[in-house]
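By letter and in written order, the chains are A, B and C; residue numbering begins at 1 in each of them.
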Amino acid sequence: MFNQSYWPHPDRLFSSDNSTRSVARALYQEIRHLPIISPHGHTDPAWFADNQPFGNPAALLLQPDHYAFRMLHSQGISLESIGINSQDPSIKVEQDPRKAWQIFADNYFLFRGTPTRMWMDHAMTEVLGVDQPLNSKTAQGIYDHIDAQLKTEAFLPRSLYERFNIEVLATTETAVDTLKSHLKINASDWQGRVITTFRPDSVTDPYHPDFSAHMALLAEQTGEDVHQWSDYLTALRKRRAFFQSTGATATDHSYPTPYTTVLSKDTCQLLLTKALAGEISAEEAQQFCGHMLVEMARMSQEDGLVMQIHCGVYRNHNQSLLARFGADKGADIPLKAEFVHNLRPLLNEVGNDPNLTIILFTLDEDVYARELAPLAGHYPALKLGPAWWFHDSPEGMMRYRRMVTETAGFYNTVGFNDDTRAFLSIPARHDVARRVDCNFLASLVCEHRITEEEAFELAHELTSGLARKAYRL
Amino acid sequence: MFNQSYWPHPDRLFSSDNSTRSVARALYQEIRHLPIISPHGHTDPAWFADNQPFGNPAALLLQPDHYAFRMLHSQGISLESIGINSQDPSIKVEQDPRKAWQIFADNYFLFRGTPTRMWMDHAMTEVLGVDQPLNSKTAQGIYDHIDAQLKTEAFLPRSLYERFNIEVLATTETAVDTLKSHLKINASDWQGRVITTFRPDSVTDPYHPDFSAHMALLAEQTGEDVHQWSDYLTALRKRRAFFQSTGATATDHSYPTPYTTVLSKDTCQLLLTKALAGEISAEEAQQFCGHMLVEMARMSQEDGLVMQIHCGVYRNHNQSLLARFGADKGADIPLKAEFVHNLRPLLNEVGNDPNLTIILFTLDEDVYARELAPLAGHYPALKLGPAWWFHDSPEGMMRYRRMVTETAGFYNTVGFNDDTRAFLSIPARHDVARRVDCNFLASLVCEHRITEEEAFELAHELTSGLARKAYRL
Amino acid sequence: MFNQSYWPHPDRLFSSDNSTRSVARALYQEIRHLPIISPHGHTDPAWFADNQPFGNPAALLLQPDHYAFRMLHSQGISLESIGINSQDPSIKVEQDPRKAWQIFADNYFLFRGTPTRMWMDHAMTEVLGVDQPLNSKTAQGIYDHIDAQLKTEAFLPRSLYERFNIEVLATTETAVDTLKSHLKINASDWQGRVITTFRPDSVTDPYHPDFSAHMALLAEQTGEDVHQWSDYLTALRKRRAFFQSTGATATDHSYPTPYTTVLSKDTCQLLLTKALAGEISAEEAQQFCGHMLVEMARMSQEDGLVMQIHCGVYRNHNQSLLARFGADKGADIPLKAEFVHNLRPLLNEVGNDPNLTIILFTLDEDVYARELAPLAGHYPALKLGPAWWFHDSPEGMMRYRRMVTETAGFYNTVGFNDDTRAFLSIPARHDVARRVDCNFLASLVCEHRITEEEAFELAHELTSGLARKAYRL
C-alpha cells in the first residue's frame, strides 16, 4: 500500500512553518487549476499530429529521460543494461523493457531528494494511477499497470494534452525543419495549440555538426544563395516567416557562451565563405556566432519573434560515452558564464528597444545576482528566464527567486518553462514551480514584505500572466 | 485607507517562526532607538550647510534614485518621461514633476519584493506621514501632501537630521573639493556632525574623466609640482591632512578591480609623466592605480585615515544612455571579483599592521565565503564592509551574514553603511539592516549557536559599536 | 555556573520550527551513538603508537589549531604572544602556556558564530568536563582543570580513541614516510584501527619544497632509479603497496588546481629529468602534476586505493608570516576552482570505471551546483567529498546539501570527514555534521520531499554507510 501520509501530500514543498504554509496553501488553491502555458520545451510534435499510443513504460518514462539515466550511470549501471540504444553495433543492448524497468525500480532509491523523484512519482500517481511506491517488489506490477494504461484512449497524446489542461505547448525545431507535424495539427480539427520555436543554431554555428547539411537544405528550401551574405540573411528571414506563419512566437539560441559582437558586412561575408568551405577557425566561428546573435536580434526587431538565449553548457563531456551512445546522454556539464562583457555589443545595439524581448537563461547561478538581475533590472529588452535544467528543482527555483527578485523585481521574469521532452512530467513540473512560487510569496507575506493581496496578484502573474506577455501568447 | 495589517508592520523582516520572531523582536527593541551612525554615503553636505527646503516630491524621491529609475527604464518607461535631465538638448524632458510622479505611482507595483519598495514606503509613511499606499489613484493626493510637508520647518535638512537621530553622517568628496559646506557646518553653531571622506580617484586614476582638470587643481591647491612623483605624493598628503582637519576619518577608493602592485619610484615617475601627458596606456594606468592603492595605504599608516575599497563595477554599461543622459543612470553592472591575487602585494606590505584598517566591499557575492571571509579572518589590517549596493537588501544582507560569519566572525565586520544620496531613505535603510541583523542573531539563538546574552551584546555591536570602532568615530 | 539553557543544548543546530525540530531529534537519536568513521584527517599516529599524555591545555587546544590563531591574529593579537613558535630566533615567543591561554580566553568572544566556538565548547564540556564558559575570569581555573585531566589515564590518546567510539581513524603521511607508528600500532595488542593515507605530493610535484629530498628517499626506500620514468612509477607502486599493507585504503592529492593532462612517456621522461635537475618551469611542473594525477588514477585502478583530490588553495598567502613562523599559520586562502575542463582528460581515461573511486573536494562553493554535482551525477568514478575546511560548519554543510543533493543525489556523496589534527575536536565535528544532516533530512520530511522512513535510512547512510562504502573500510 502506498504511504498516504507521504505522497502525493497536499502540502508538499510548502514550508513547515504553520503561518507560511497556510498562506502558501491559499495562494496555491487560487492558481493550481489555471491552464498550463508551456512556452519552451522539447516534446515531439508528431505525438499530437499523429495521436498514436505511447510505447511501453521504459520507453516512455526511463529511456528518454537524461536525468534518470545519468543518475543510474553515475552509480555504475551501464546504459546498455537499461536499454539505451548504442551507436556501436558490438554493444549488446537490453531489448526487454521489463528488465530495464526492473533495474530502474531496484535503484529508484538513488533519486531520493532529487526532482526526478518528484516528477516520476507525480507522473506515476497522478497521471498513471499507480497506487504503490516503485521498488524492486512492485516493479513488474507497476509495469503491467502502466503498460495497460498506455494502450487506452485516455492515454493518447491529445487526450493527455487536454487532461493536463494545456493552453499552449511550444516545441523546438531546427531552422530547416519542415514543420509537417505542426502543419498537420493546424490543418486538423483538434483544438490543441502546439507551436514551434525557431532554433537556427545548425545554420548559424559553423561548428554545429549539421552545419553543412542544413545550409544546403536552407538554400534549397528558400531558393536563396546562402553563399552570399545578404541572401543568407534573406533565407533566414524566410524561414522565420515560415515558422511564424505556423504559430511560432519565439526563437531559441544555444552556444557555449553568450558572446556577441558586431561585424562589418565584409567580415561577415568572409566568415560565411570560410564556414561553408569548412575552413573557419574556432575563433572565427565564435565571431560568426556572436554576430549572428545580433542579426537574430535585428530580425526579432523586425518580425517580433521573442528571442531566447540558452548558453553555457559543455555538451557531451564524456568522450567514450559519446562515441558509444551518441549525443545527449546525460554528460552535459554547466560552465562558468559571463554576460556583462559578452552581451554588451548586442545590448548597445538593441538593448534599449522596449518592443524587443530577449530572454536569458543560465546554468551558472553565480550570475543571477551579480549579472543577470542588474542587467534585466536595467535594459528594456531583457527578461530573465526561469531556473533552468539542473536548477529546475525546488532548491534551485528558491535560490533563483531569492537572488533575482530584489534587483530585477518579479516583472522582469517570465514565469515557468518546463523545457522537457518527458511529456508525462509536464503537469508535475508546473505543479512544482507553482508550489515553490506560492511558498516563496507566502514567505514574503509572512515577513510583511508584500501584502497578501499583492501575493495573490503575483501568483497569477508567475503562473500565467508573465509567460503570456513575455512570449506574446 | 492604508492597509494597516501590512505596513508599517511592527514585525516586518522578522522570521515567521514564533520563537525566532520573539527573540528578534526583543533584540530589535533593544537597539531600534540607538542613534544612526552613517560612516559612508553620498548625501550633499550643502543641504546641512545651507539648510534650505528640499524640492518637490519627484525631485526628492524619484529623480535622484537610480534604483527607482532603473526599474522603470527596464520596463520600457523612458527616462525623459520621468523628468531625468538629458545632456542632449534635442530630447524633450518632462518638466512637470506631477506627471513624473504619476508615472512612478502608476508603476509602483513593479517594485514589489525589492528594497526600493521598503525604503520608499518607510520614507513616505514614517518620515512624510503619508497614510495611503502609493498607486495611480492616490498619486496626486500623496504628491500634494509631501509637497506641503517639504515646505515646513520640520522638513528642513537639519531638522530631519535631528529627527532621524543621526550621530554622524559621512559624505564623500573628491580630493580637490574645497569642502566649503563642511567648513560652513563646522563654523556654524549647529551641533550635527557631517564629515567628509577623502575620495582621490580623480587624481590617482589616469583614465578618470576629470584626471587632468583635477591634477591641475591639486597642484594649485597645494602649491606642489604634481609632475614630480615625490611632490605629487606630498600634494596628496596635504589634501588628506586638509580633509582630516575638517573631520574626515576615512578615505574611499573605487576602481573596476582591486588590483594592487608595488612599483619602483622610477617607474612611478615614468607613469605619472605619461599620465599627465595623456600618453598612458590602459595597462600602465592599471599599474598606476594598483600602486596608488599601496601609496594610499602607506599614507593611512601615517595619518590614521581608514581606507575603504569599493571595487568591481562596470560603470555606465549602456552606451546610448550614457551619451543621452550622462553617467550614473542605473546602468552600472557588477563584475566578477578576485581579491586573493589582486590584494596580495598590498597585504604583503601592510596587511599585518594592526593599526591600519582597510575595509573591503564587493558586488560579487561569490567572494564572501571563498575569499573575503578567509582574508579578513586572517589579516589584522582587513575588515569586511557590509553587503553593498544591489545586496543592501534583506536577502542580500542575510546571505552576507550566513556566508561571512563562520569564517570571519562578527568582529571583522564593520556594521552598516547606508551608502546613499537619498537622504529620506536613511532611517529606512538602517531600520532594515537592524531588523535583518536581529533576525539573524535570533536564528542563531534559537538554534542554540549563541546565547541570548551574547545576541544582545552583538546587536549593539552590529548597530553601532563596530562602526564606531572601525571608522574611528 | 555554566549557562545550562545554552550549552550543550540538546537541540543545538536543529531548526527552531517545531515540526522540523521534532523530526530532527528523532533522526539524531537514531544515529548519535553510531561509531565514528574518520576516513580522512591529520592526527598524529604517534599519539596512538606511544600513548603518551597530551601536553598542556594551550599546546593541546590552542597552538595547533589554525582556526583559532588565525582569528586571534586577524584582530591584531601576535602569534608570538600566544606561544606559536617562530623560525626567527630574534622573535621572543611566549613560553608560559598559561599566558597564552589567558589571551585566548580574553578573546574567546571573537569566535561567536564560528564553528571553532562550537568545537571548543564541545571539547571542553563533553570531553574535558569543564563546567563554566571560557572567559577572562574563568581562564586559569579552566586551565587547571584541563591540565589535571590530561595527566590522567582516561585522557591518554588510546583511552580517548575508545571513549570517542572511533571505529577507524585515517591519518595522512607523505609517500616516503616510514609509517613506524602505524607499524607499531599494528604490532601492538591495541584494537584501535588507525590507518594511513598515501599522500605523494612531495614526490609528484616538482615545486614541492621537499621534492628533491623526498625523491632521494624514494629511490633509497625502493631501490629504484627514480631518474627513469618507468622505474619512478615502479617506486611509487611499491610505496603504495607498502602503505596498503599497513592498512591504507586511500590516497590524497593536493595542488592549487585540479588540472589534468595525459602526456606521452617521452614527455614524462623529459619533465622528470628536468624536475630532478631543478630545471623545470612552472608551466612544465603543472603539466607534470596534471599527468601524475592520471598516473595515480591508473594505479588506483590496479590496486584499488580510493583517490582523494583536495585542490584550490593559495597556501601561505602572508609572506612575512611565512618567513617568521613557517607554513600553515592560518594564511591559506581558497581560490576559484574549475573542474569541467581541468578534469576532462582524467575522466576521459578513467571516469567510466565503476571500480575506481575518486573523491573531489572544493573550497569554492560556486562549483557545487554548477560543476561538481553534475559531474558526480554522471561519472561512475566520481564521488563528492563533504563540505571542506572553511565550509566544515553548520551553514557551510547546509549550503552543500542544498546545492548538491538535487543533482547528485545522496548516494554520490561520501559522508563526513573531520579532516583535523585537533584530536579533541573529533567528536564535536562529527556531532555537528550529524546534527546538520539530521536537520536537513528533517526539513525534507516536513516539506514532504522524502518520507520519514527514507530519512531514517539516509541518516544511517550519511553517518556511516556511505563513508564505509566509498573509502572501502
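General remarks:
Keep this in mind: a contact is a pair of C-beta atoms (placed from the backbone, for glycine too) under 8 Å apart; a residue touches a chain by one contact, two chains touch by 3 or more.
No experiment lies behind these values; they were computed from the predicted model shown.
Interface of chain A with chain C: the two copies contact each other largely through different residue positions, with under half of all numbers used appearing on both sides.
A rotation of 120 degrees, rounded to a multiple of 5, brings the CA atoms of chain B into register with those of chain C.
The distance from the centre of chain A to the centre of chain C, with each centre set as the mean of the Cα atoms, comes to 40 Å.
Shared interface positions of chain B, i.e. residues touching 2 or more other chains, are given as 15, 17, 366. By the touch criterion stated above, chain A contacts chain C in their complex at residues 3, 5-7, 9, 11-17, 70-71, 73-76, 109-115, 118, 314, 317-321, 330-336, 363-366, 390-391, 393-396. Chain B contributes residues 15, 17, 19-20, 338, 340-341, 344, 347-348, 351-352, 354, 366, 369-371, 373-380, 382, 402-403, 405-412, 443-444, 446-451, 453-454, 457-458 to its touches with chain C in the complex.
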